[in-house]
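A short worksheet on the structure shown next.
Chain lettering (A, B, C, D and E) follows the sequence in which the chains are written, and residue indices restart at 1 in each chain.
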Amino acid sequence: MTQLLSEILTKYNYWIYITLMMIGLYAMIAKNNLVKKIVGMNIFQTAIILFYVSIGSKKGGTIPIIKHDHGAASHVVHAAEYINPLPHVLMLTAIVVSVATLGVALALAIKIYHRYQSLEEDEILAQIREK
Amino acid sequence: MSQHYPVLLVTVPLLSAFLISISGWLNKRLCFPIAVAALASASFFSAGLLSKVIHKNVVLYRLGGWAPPWGIAYRVDYLNGLVLVVVSLVALINLISTYRSVEREFSEKLGAFYTLYVLFVTGLLGITVTGDAFNLYVLLEIASLTGYGLIAMGEEDRAPLASLNYVYMGTIGACFYLLGIGYLYIVTGSLNMADISAILPSLYQSRAVLSAFIICMVGVWLKMAFFPLHAWLPNAYTFAPSAASSLIAPLMTKVMVYVMLRLMLTVFTPDFVFSAIDINRSIVWLAVIAISMGAILALTARNLKKMLTYIIVAEVGYMVGGAWLGNRAGMTGAILHLVNDALMTLCVFLVVGNIVYRMKGHSFEDLRGLFRKMPFTMGAFAIGALSIIGVPPTCGFFSKWYLLWGGIQAGHYAFVAALLFSSLVNVVLFFRIFEIGYYESPTEAHGGGHSQGSIEEAPLSMLVPLYLVAVGLVVVGLYTGAIVNNVIRLAVPPGIV
Amino acid sequence: MIWQLDLAILTLVVVTAVGAIYIKDLLGTAILFGAYSFLMCLLWSIMGAVDVAFTEASVGAGVSTVFFVGAVFRTTRRTKD
Amino acid sequence: METVTSIKPLLAVLVSLAVTPILVSSRSPNVREAWTFVAAAAKFAIVISMLPVILTGTEIVYTVAEFLPGAAIRFRVDALGMLFAIVSSSLWIVTSAYSIGYMRGLNEHSQTRYFCFFALALSATIGVAFSANLLTLYLFYEMLSFATYPLVTHHQDQEARRSGRKYLFYIVGTSIGLVLPAMVIAYNLSGTLEFSSHGFLTGAGSKPLMSLLLILFIFGFAKAAIMPLHAWLPAAMVAPTPVSALLHAVAVVKVGVFSVVRVLTGVFGIDLLHSLNLGPFIALVASVTILMGSFIALSQNELKRLLAFSTIAQLSYIVLGVGLLSPKGITGGLIHIAMHAFGKITLFFCAGAIFVATGKKNISEMVGIGRRMPITMTAFFVASLSIIGMPPCGGFLSKWYLALGSLEAHQMPILLVLLLSSFLNAAYFMPIVYRAFFCGPQESMFESGVKEAPAFCVVPLVITAAVSIVLLFIPQPFYRLATMMVLKITGA
Amino acid sequence: MKAAGLLIVILTGGLLIYATADFPPWAYPQSPASTHVSPRYIEKSIEETAVPNVVTAVLADYRGYDTMFETTVIFAAGVACFLLLRIRVEEGPEEQLFRHSLTGMTIRIKDGRKAPSDLEEFERIDAHWVPQDLIIKTVCRILIPFIQLFALYVIAFGHHSPGGGFQGGVILGASVIVLAMSHDLRSSLQRMGEKVNALLCAAGVLIYAGTGALCLAMGENFLDYGILAPLFRCDPVMARSNGIFMVEIGVGIAVMATMIRIYNNVSSAGRYDEGL
């Protein structure tokens, strides 16, 4: 029991990211409204970003900006003192990708709305079938 | 100079895309020549790379001068050298062939269209050439994002919705891939493919590695439309403008198959995929279902383009199944089919492009009497169709041969049966098209104004590239031995027998 | 790191996410999504990912929300689910 | 076995392929047909020029591309291939002349397409004849299937559409569904597809597996029209008569039979079939087809359909001959390829000539036609004698050897089958001839006076009928080639 | 659909939870992720690139190639939005609203009739937005320069503190978006027209890729800024730092222009007429 509890506590960030990801995934699959799906998509993406950021964190580490004095760059830096910067870099990319996808998706949603006067997938499909 | 080929291959089209974008605002007439020059040089570089790989060895390139795994590295070996040549050539031929239809459909936004076109190709080339798992993701997103834009520009009303569905599924796919890479990163601490595969063997029993593998695979399958994750593909490709569908349909799924092979062969290594975890037979069963369902769904289509998209779904099943058979013949077949299918799909989609250019439609009704109206286009279509059916000496036969051989060697007779079934269904599908074009005469409503029996062939600028591809199908078929011996044989790791 | 604060934010993140999915007004969805992004950004800055948090604050909570509002403005606020 | 490398086999295949662009582009029918003749003559010349080399026992080999070890696109001209190639290339010349008469006589549409695909089909036929391995054979076999589709469905009407479907269903369905897997299995077992004089499957697998392969191959080559996969042949009779004549009496069906013979001799080998005791099975299948085909032919009224069923029966003679697994039987089967070809093509030419001259298709409407078209009907009589197997025609020779073979193999039932079948042949051919000539003037359905079909139609059929007679007395080079082949595969 | 969705979600979630059990504990300093590749970045970044903010160093140098494509993604999104939405309309929407600035009276012009656009006291207003918002307008007008200044600072100081091209670019873009929201789209378009914006998009990424190509032209690998030392008249390590700065400027321009571009297209549905 205590083992389970510690398992839950030491990895709670991971549980939260799974929860968020599932919320996003559910919204993308089950929701009917196109914009809601787009929101779900973004939640899904941020959940993965949360996951990566969680990988990067390090007990006893501080933010990855090296303390330094001008001209005395030679002093030794210990990796254990700083948080792992690599996932942060990757996630900057991921955030940018997500906003790019968002832009395109919204543009598509607007285009669809102009054609069908609706954002509900079932109504649109019904209109298509009627034709 | 030649040591910079790997990066030039990607950055020349990239820079050209920006130039196209600028010239789209300043002088539209320059867009097309720049695009042609960019893709022609990409083809040149990829051919140079392949010959370098064949004559010397694997080509490595350090971007920014940083050694992997700290920096990003490009790695060209037999497998991606081949795929690079295919991608760049297909894109170039399609670009030239669709010049006129693009002019007609996108006269207003020529610059934007060609920018996305070249960026899409850049993305695919980058995916193929890179040796870094995360870099692959970024380029995947470039290819996808430009693909969404290109697909949604179809003249039909349904294109945006189809594209938006593609956005959803594509994003899930890419995110799954990203997540899988994250899992690998958490257990190995590296993003470089070669580095990961060096660290992995001690972790084969880890659940995280297994999950990473499954998640990556699901992501890649989503992107390549492996049944039952194919739902986005038929509509997206059907309603896309013809210039875009004949670019995306041959390339996107094939490059994703390449990614799957790369993950299986390089990142996770055959030891893990075929020995440490025992799932390959069940995956081949999935492929059997994919092939059969693709074939059956194609039978239900009442529209030429849609029918072809379902055939793509079945063909993806071929390649996945072949790769997962776990023997040399199957793997060879999968790689060979990747090349062949790109060419075959290009051929038939170019034909669809020509038909749409003249007939303004691609439903079965529009095909009536087409053999009389467009005999040359339909001649090329016949060659493409025979190749998809798998008739020698077209290339489709030889890859099917390897797949069948692999299936028999592995004792997976359901896969063999599925391949034969799908070939037979393809015969039915294509001869149904031929019958419509051959026996039925166009109705008054459609033929309106044209005297019956007059030839209305597509312009020469569309026919010449089409015939280049059609003849290429036969030539590639005849040179199968050379391709397999000099490239594919060496691309399959020695661990697979 | 103060774990109470951490926990509170994590809970709120989930709440806003669920809210954004379930609220029956797309403008509300957009705003809740902005709140969600901002909470995310807080979470990341707690974890020391300052650059990511900065980006998320400007991109996720800022521009993305504006895009959402713009899109909703150009289409419709109404939704069935 | 000596071999020489020469590009001639490839040229023989390509020469008809090469003229298709000219055919497509030429606007004048005369130019087009002249080119057809040139191609046909060139092809025949190339084939014949190889004959002396072959007769010395040398084989000609040419490799186009090798795609797997043991599986290449390769030509190898041996006695059997030569025999078949001579038959089909010589008959192409005759048929070209006949086609011109027939197509112009009926003023058919799309003649350019017709001649193009005809040339393509001939390329494929020669390709099958000269193929050195299963892969090449399969390649040209499929090419032939698709090249003949537009010929079969030439009329482009609903009936043609139905027949075309049936044709494809049987031919392509079996080749992809049965031959292709059989080929891959054979390759997987032995690592080669190259025909060899004693087969390459010896010792490669168990008897059930071998039997399965045999069944897949025999029924897979559905062009051989072995029952129950024969239904496409009568359906394909909707094609213009020259097509039926060359393709369905000679090229297509003979390609099917040729493929079966090749597989039996070059893939399995006579010895293996002997040791597995599979000969009787082949003979049984063939005998059933022979008898059933003949019986059904009795009940036909449309002349071309009757000929089609007759063809189905006659084809199985060839398979039967090989199935006897005795030297004499095989000789008889191989010679029958040539004998039947000349006989049957004459019959088809006659049917076509009757149709061109009178528009009649049914036997019941042909009472008294012998007086109106005496030359045609005389040729018909000669050819039917050949098919029945009576002297003075070539058919006698092949049936004689078949009978000897069945005695040699101690298979009395086969001899009975042969006799019964000959009787049935006579029973469906002779009434036609009888009623054509011997009927009272009042019974005759035609006005008096001789009115033959155009010369382009009549001359070819006279030539082929004459050849049918000549072949009994001068069976060379066919007999020589057949015995060479038998010597090679039996080692006797 | 809902049940299927739930099922898929549960299955996927189950798989993820299953995998999590094998993860190292959260924030465990000895985990492979913290010990394999990343230490080098932390320990060497100052030495090798003279950039204290490790994230910036990795972003723009060690993995600068990724970042170039990331900028390209943004650029592609901008082009895609333009391609999808932009429609050129000769005349404006069916009805246009004009406000008489002295009286606050609003008039409506329908069906393309002659608009009083040449009269000074009439100003065009959006059809959906009627109230006069003097306070917001004024506040924003005062704020915008500061926002832009801050954005420039973020770009320039990305080497030493959180921030960099992306964040700065987004903020810069946001300042224009704020202008468009507080006034209207037309006034922001007056300051940055469509063509200028599009050219800036391309120019930004071109700066990035061009820097890489420059390194290539000078004989080193792509994006190997060290070779640029003679150009900057400094040692290779500082050249890396300067190279990163150049690249960040490119990113900033591209991101700014693209954000504005997407906003313009989305908020006006491609008509570039009436925005949010």
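Here is the rule we use: contacts are C-beta pairs under 8 Å (C-beta built on N, C-alpha and C of every residue); 3 or more make two chains touch, one makes a residue touch a chain.
Everything numeric here is computed off the predicted structure, so don't read it as measured data.
Colleague: Give the touching-connected groups of chains that are left after chain B is excluded, with no other chain moved.
Modeller: A, C, E | D
Colleague: State which chains count as neighbours of chain A and simultaneously of chain B.
Modeller: E
Colleague: Hopping along touching chains only, can you work out the least number of steps from chain A to chain C?
Modeller: 1
Colleague: Measuring from CA centroids, which chain ends up nearest the centre of the complete protein set?
Modeller: Going by the distance between chain centres and the overall C-alpha centre, it is B.
Colleague: By mean C-alpha coordinates, which chain is most distant from chain B?
Modeller: Chain centre farthest from chain B's centre: D.
Colleague: Can you check which chain pair, B-D or B-E, has more C-beta pairs in contact?
Modeller: Taking the two pairs in turn, the one with more contacts turns out to be B-E.
Colleague: Among all chains, whose Cα centre is located farthest from the one for chain E?
Modeller: D
Colleague: Chain D to chain E: how many Å between their CA centres?
Modeller: 75
Colleague: At what distance in angstrom does the C-alpha mean of chain D lie from that of chain A?
Modeller: It comes to 70 Å between the two C-alpha centres.
Colleague: Which integer distance in Å separates the CA centroid of chain A from that of chain E?
Modeller: Distance between chain centres, rounded to whole Å: 18 Å.
Colleague: Quick one: which residues in chain D touch 2 or more of the other chains?
Modeller: Answer for chain D, listing residues that touch two or more other chains: there are none.
Colleague: By the touch rule stated above, which residues of chain B touch at least two different other chains?
Modeller: Within chain B, the residues that touch at least two other chains are 134, 138, 141, 145, 148-149, 152, 160, 185-186, 191.
Colleague: Of all the residues in chain E, which ones touch at least 2 other chains?
Modeller: If we look for residues of chain E contacting two or more partner chains, we find 16, 20-21, 23, 31, 33-35, 37-38, 41, 53, 55, 59, 63, 66, 70, 73, 76-77, 80-81, 84, 162, 166, 262, 266, 269.
Colleague: Pairwise, which chains touch?
Modeller: A-B, A-C, A-E, B-D, B-E, C-E
Colleague: For the complex, give me every residue of chain E touching chain A.
Modeller: 1-2, 4-6, 8-10, 12-13, 16-17, 20-21, 23, 25-29, 31, 33-35, 37-39, 41-43, 45-47, 50, 52-55, 58-59, 63, 66-67, 70-71, 73-74, 76-78, 80-81, 84-85, 160-162, 166, 255, 262, 265-266, 269-270
Colleague: List the residues on chain A that touch chain B in their complex, please.
Modeller: 25, 28, 34, 37, 41, 44-45, 48, 51-52, 55, 86-87, 90, 93-94, 97, 100-101, 104-105, 108-109, 111-112, 115, 124, 128
Colleague: So in the complex, which bits of chain C are touching chain E?
Modeller: On the chain C side, the touching residues are 50-51, 53-55, 58-59, 62-63, 66-67, 69-71, 73-74.
Colleague: Taking the complex as given, what residues does chain B use to touch chain A?
Modeller: Within the complex, chain B contacts chain A at residues 134, 138, 141, 145, 148-149, 152, 157-158, 160-161, 163-164, 167-168, 171-172, 175, 178-179, 182, 185-186, 191.
Colleague: State the interface residues of chain B toward chain D in the complex, per the touch definition above.
Modeller: 382, 386, 389-393, 398, 401, 404-405, 408-409, 416, 420, 423-424, 427, 431, 435, 438-439, 478-481, 484
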